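One structure is given below, represented as structure tokens, and several questions about it will come after.
Letters A, B, C and D name the chains as they come in the text, with residue numbers starting at 1 for each one.
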Amino acid sequence: MTRIRAGILGATGTVGQRLIQVLDDHPWFEVAALAASDHSAGKPYGEAAHWQLEAPLPERLAGLRVDACRPGLDCDFVLSGLPSAIAAEVEIEFARAGYPVVSNASTHRMDGDVPLIVPEVNAAHVEAVEAQRRRIGGRGFVVTNPNCSVIGLVIPLAAIDRAFGLEAVHVVTMQALSGAGYPGVASLDINDNVLPDIGGGEEAAKIESEPLKILGRWTGDRFDDRAFPISAMTHRVDVRDGHLEACSVTLKTPASPDAVEESLRGFTSDIDALDLPSAPRPAILVEGRADRPQPRLDRDRSGGMAVTVGPVSRCPVLGFRFRVLSHNTLRGAAGAALLNAELLYRRGWIG
Amino acid sequence: MTRIRAGILGATGTVGQRLIQVLDDHPWFEVAALAASDHSAGKPYGEAAHWQLEAPLPERLAGLRVDACRPGLDCDFVLSGLPSAIAAEVEIEFARAGYPVVSNASTHRMDGDVPLIVPEVNAAHVEAVEAQRRRIGGRGFVVTNPNCSVIGLVIPLAAIDRAFGLEAVHVVTMQALSGAGYPGVASLDINDNVLPDIGGGEEAAKIESEPLKILGRWTGDRFDDRAFPISAMTHRVDVRDGHLEACSVTLKTPASPDAVEESLRGFTSDIDALDLPSAPRPAILVEGRADRPQPRLDRDRSGGMAVTVGPVSRCPVLGFRFRVLSHNTLRGAAGAALLNAELLYRRGWIG
Amino acid sequence: MTRIRAGILGATGTVGQRLIQVLDDHPWFEVAALAASDHSAGKPYGEAAHWQLEAPLPERLAGLRVDACRPGLDCDFVLSGLPSAIAAEVEIEFARAGYPVVSNASTHRMDGDVPLIVPEVNAAHVEAVEAQRRRIGGRGFVVTNPNCSVIGLVIPLAAIDRAFGLEAVHVVTMQALSGAGYPGVASLDINDNVLPDIGGGEEAAKIESEPLKILGRWTGDRFDDRAFPISAMTHRVDVRDGHLEACSVTLKTPASPDAVEESLRGFTSDIDALDLPSAPRPAILVEGRADRPQPRLDRDRSGGMAVTVGPVSRCPVLGFRFRVLSHNTLRGAAGAALLNAELLYRRGWIG
Amino acid sequence: MTRIRAGILGATGTVGQRLIQVLDDHPWFEVAALAASDHSAGKPYGEAAHWQLEAPLPERLAGLRVDACRPGLDCDFVLSGLPSAIAAEVEIEFARAGYPVVSNASTHRMDGDVPLIVPEVNAAHVEAVEAQRRRIGGRGFVVTNPNCSVIGLVIPLAAIDRAFGLEAVHVVTMQALSGAGYPGVASLDINDNVLPDIGGGEEAAKIESEPLKILGRWTGDRFDDRAFPISAMTHRVDVRDGHLEACSVTLKTPASPDAVEESLRGFTSDIDALDLPSAPRPAILVEGRADRPQPRLDRDRSGGMAVTVGPVSRCPVLGFRFRVLSHNTLRGAAGAALLNAELLYRRGWIG
């Protein structure tokens, strides 16, 4: 079988490296092009990138020449790990030039005709691409995945919402270093410390808005977002990978801790039938021990693609509470984009 | 001036060491006796203790012989840094034998006639000592300070409660290693990790109950506790000292973020007039930057005795939110006990 | 094919857990018995052990009943991850009872008829087992692997010694937390710190003596150890796994940095022909970059069984210098014991 | 008494902040000017600097306007914490303009007429300033202090050299994060890791050369450096402050561990009589416990200005071995420069 050729935008960054890792030995896709800043363009990738992963850089890619981030890449679609500021224009250029763009950048997530997709939750949002194509003009389009703190949260929320209806969500995050990219957080800032308010409030703003779009629906010409309140307080901790979130929820209908756990354990989705290579089964792992999930012990479960949820208990203030953990650069970024690409391929939007 | 002679129970532990540190050069008190487990008794303190503080062990105390934790200590009162299981009996023995016992242990905190005191908040609770003396029979008594996560929380809550009335409190903690004592948390557990649910739920239970006693009142024959709901989710992070807590509150009367901050900035207390040597002035420091407080940068302010609160903002779910930070073994343990001892001395209960 | 049945002594400890991990899906061996302290005996393993590895505990073993560490285990040989104090008697008991004992404990390493084996270096030492059997009386025997800091050092030393002759070795170690077992190093001791002199000098003593036995030869009735001086200074650093060692050597014959590197790159051994499942090929990886090896990036190479050596340069004082890194609980403990077991099986001493 | 007015070049950096800290409440000097990059110039210091120290920024300085690094600063001398590349020209400009420049930068350290001073060791080198003034033309001059890893090493070496004569020195360093400045080391690089070969070999090169100049003598028209070999291997560890070094030495005359320790304990210097405010007394602290010195426990001794040396033992390869520890941004940088300034003031070269 001929593999679909993927290009990676922002290939030298933290997310770009993870994209290379998750595409290694992929059954459908192969890395055909690596694009990065003009500073890196022209160099062999092994030289341009400061490779940081324990998994070694595949030798074939070490020798691949890095391209600039401009249309003309020899590939069937692109995965974008670009910084948001740069993604704004570059991704649209690629879409206009006819490329499907599967992006991890935040820039276009909340645009009125750009799908913000977590396949297990809102695969149907991909239909918005039709409207987007009309706007942009051409065959290309942009599909996005949520912020790394949102993915781990919104999958359990979707399960609970489906069963009991969400009325309010309160979340406090303890996020890993890799979420800030490289060089990212200075060691002098985080050693023996915790840093509140990631991104000057922008991280919290994403957590408070993106789930409302994801849990909403595409009406055929616009997104009908949900409207319940979400409160997010964010923190950076001295952990390499894995975002831990302490979550409390208020539900519309009566429930019990056991019933809420059951809704998490029983969570299934339309995409189960699609057999996507990167889809974890189940998508949600429920831990019975109160001292779990922990970043180090749970982030790599199901290849870093599962969301682990701790036991559910009553919250004296809001109703129910539990912790969620997901790998921020796998399930929360590179793996999320790849899963979106797999969905698009299966549904005929790529390839 | 003759100094009041203090004995330290549990002198070799983490809290015991901090007690020695805060009593060094104290204007009123001097360390006269160091007591610890039978295993340590008889040895010079410098040999019995695995000294862990950057501040050097005062030479005079290094040579002091450690006593067993039994009445007979040659001192005017005792400060107890005993583990709770041991404190249960030992502290009562000392009280019966006539010693004022100023304890950091959790055992007797919620007892019906034992004051649980934060001087800035509920100094009047000390009156319960009369009832306690009648029960125990004798001149001695036990006075306690709250759990290390409670102190940093309850001082700002008291300020806000006074101004607007508390209706509900939701708190998520990120707590330091020293809170677990020594050897405490294994490095293999916390390196590159966060540990949820400290103490198998006991830490959260203390946070959900102790503030209700502290913010309540002593009626003359019993404590009349407050009854609003508190939700606490606890976590251990790889930080040496300083508990950070993300807090949301619902208030009874309308307020604004500025007004809530004003209530914190303007917080004063009856004990300001007593001029206690360890009392921070002000008790609450309000930080204007959203990325503060941070454990490393803020834990040592005012000698580790101040509580630092970050900017107050609206919480979409509960009303208002902010972060608090306090030094868990100074303001949260040794300093707390010492401040209680100073209060008792000024009021004539010690010495 | 019927698998050889392995028993694990000290199965709940840090090394025991790694033994379970490396035996998972082993082509020749299967875990048939798990033995630990009397405190654990009788419980299902999943309950008795505080499982600390990212790799999940195989479900079959979670339910296996833990045995006491006494002969009678239903298995063909035992792998021992026992603490040295306990290993002293227990391992000899098992050997007397007829079990081949493949041990990671230090107790018997320097005994006059106990092989201390690194298969790539001194597989021939296994012949000492004959003499040992005569002494103990019976079919069983004890074979040991070196200290975790010695293995990573002695393989490169063997390569260099073979080519140029060693005259003196100076090594300074920076060792990982897992080397101290669990709970091991207290987080309060190592956070923001380095701890010199591991084990009160015992670690250094092993590094200064064990290589002399390994690089020596078995004469048929005794070990003829080498006699060059080794100086070791040891340190614990805040790293989970992977011992890094800064090494300087004086050689007998003239050499150049390139020639020394060549001796490392060209290192082969008799066991290459045996095709042992856990043997890394090559045994030594030479890194060209001066900022390598690094614990996090290099410890897991070749399944954690390779030794990574950085570039060789001239040492102004001793001749040549370089750094070595190996995974202390894989190559340095569990993997080392397993590799010895594989050697023994291939040579007919087990099974 | 009128205080001498100090200007700080590179005031916003890691060393600059420490300079401000050590000058706070100084009996002779006061901070009169703060200079930094053009980017910072014109802003109030509190805004221009990302203050990282636990000790709060003195309020008076928070409001001081930052100047550009050009002659014209209103002060009696300057302390330079400039990066080396910038120091090259700027410091000479200031010297030409008549300012005494007391520099921590590496640029001019090895220049033929620039004193590289550790007051306890080679205060007499300051005489080279006369020659330097002739070359530069004018009243100003540059005096430097050594690299942060050299200071902690060279003071004990001086003591030993004086008693027994040094023939060779071998050192392996474990250096703190603050030595790399800010933002410096990325947390993703150092978390759960050790980084070899600081500065691409430049750090080692300084350690191998600077002590030879410091331990040499000024002949009246040139420096007569020592010539024994020094070998240095450098490493960065996840520690905030405090460089730990494992050191072995070969001596010219016979000695014993006790005698070597005695030479360290008995170390005195000409400057003891000068009563310099920042001079630690004694300059060398000798620890009896083999597990000391440790960065966290020993870096702040004598206000961070003492060098702590562990017990001396025999090195089987080189003769004797021991560990040294010093605070890299106090004794190793800001405090070193300040002590040089105090020496210059006392000797009449400043003020």
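What we mean here is this: contacts are C-beta pairs under 8 Å (C-beta built on N, C-alpha and C of every residue); 3 or more make two chains touch, one makes a residue touch a chain.
Model, not experiment: these values are computed from the prediction.
Looking at which of C-D and B-C shares more C-beta pairs in contact, the answer is the pair C-D.
Ranked by distance of CA centroids from chain D, the top chain is A. When the CA atoms of chain A are superposed on chain D, the rotation angle comes to 180 degrees, reported as a multiple of 5. If you average the Cα atoms of chain B and of chain C, the two centres end up 47 Å apart.
Centre-to-centre separation between chain A and chain C, using Cα means, comes to 41 Å.
Between chain C and chain D the centroid-to-centroid distance comes to 42 Å (mean Cα coordinates, whole Å). Chain C has residues 52, 191-192, 238-240, 296-297 in contact with two or more other chains. In the complex of the two chains, the chain A residues touching chain D come out as 14, 52, 177-178, 182-192, 238-240.
If you check the complex, the residues on chain B that touch chain A are 168-170, 172, 174, 191-197, 200-201, 208, 229-231, 233, 235, 237-240, 244, 246, 248, 250, 290-297, 310, 315-318, 321, 323. Residues 52, 54, 56, 191-192, 296-297, 300-301 of chain B are the ones that touch chain D when the two sit in their complex.
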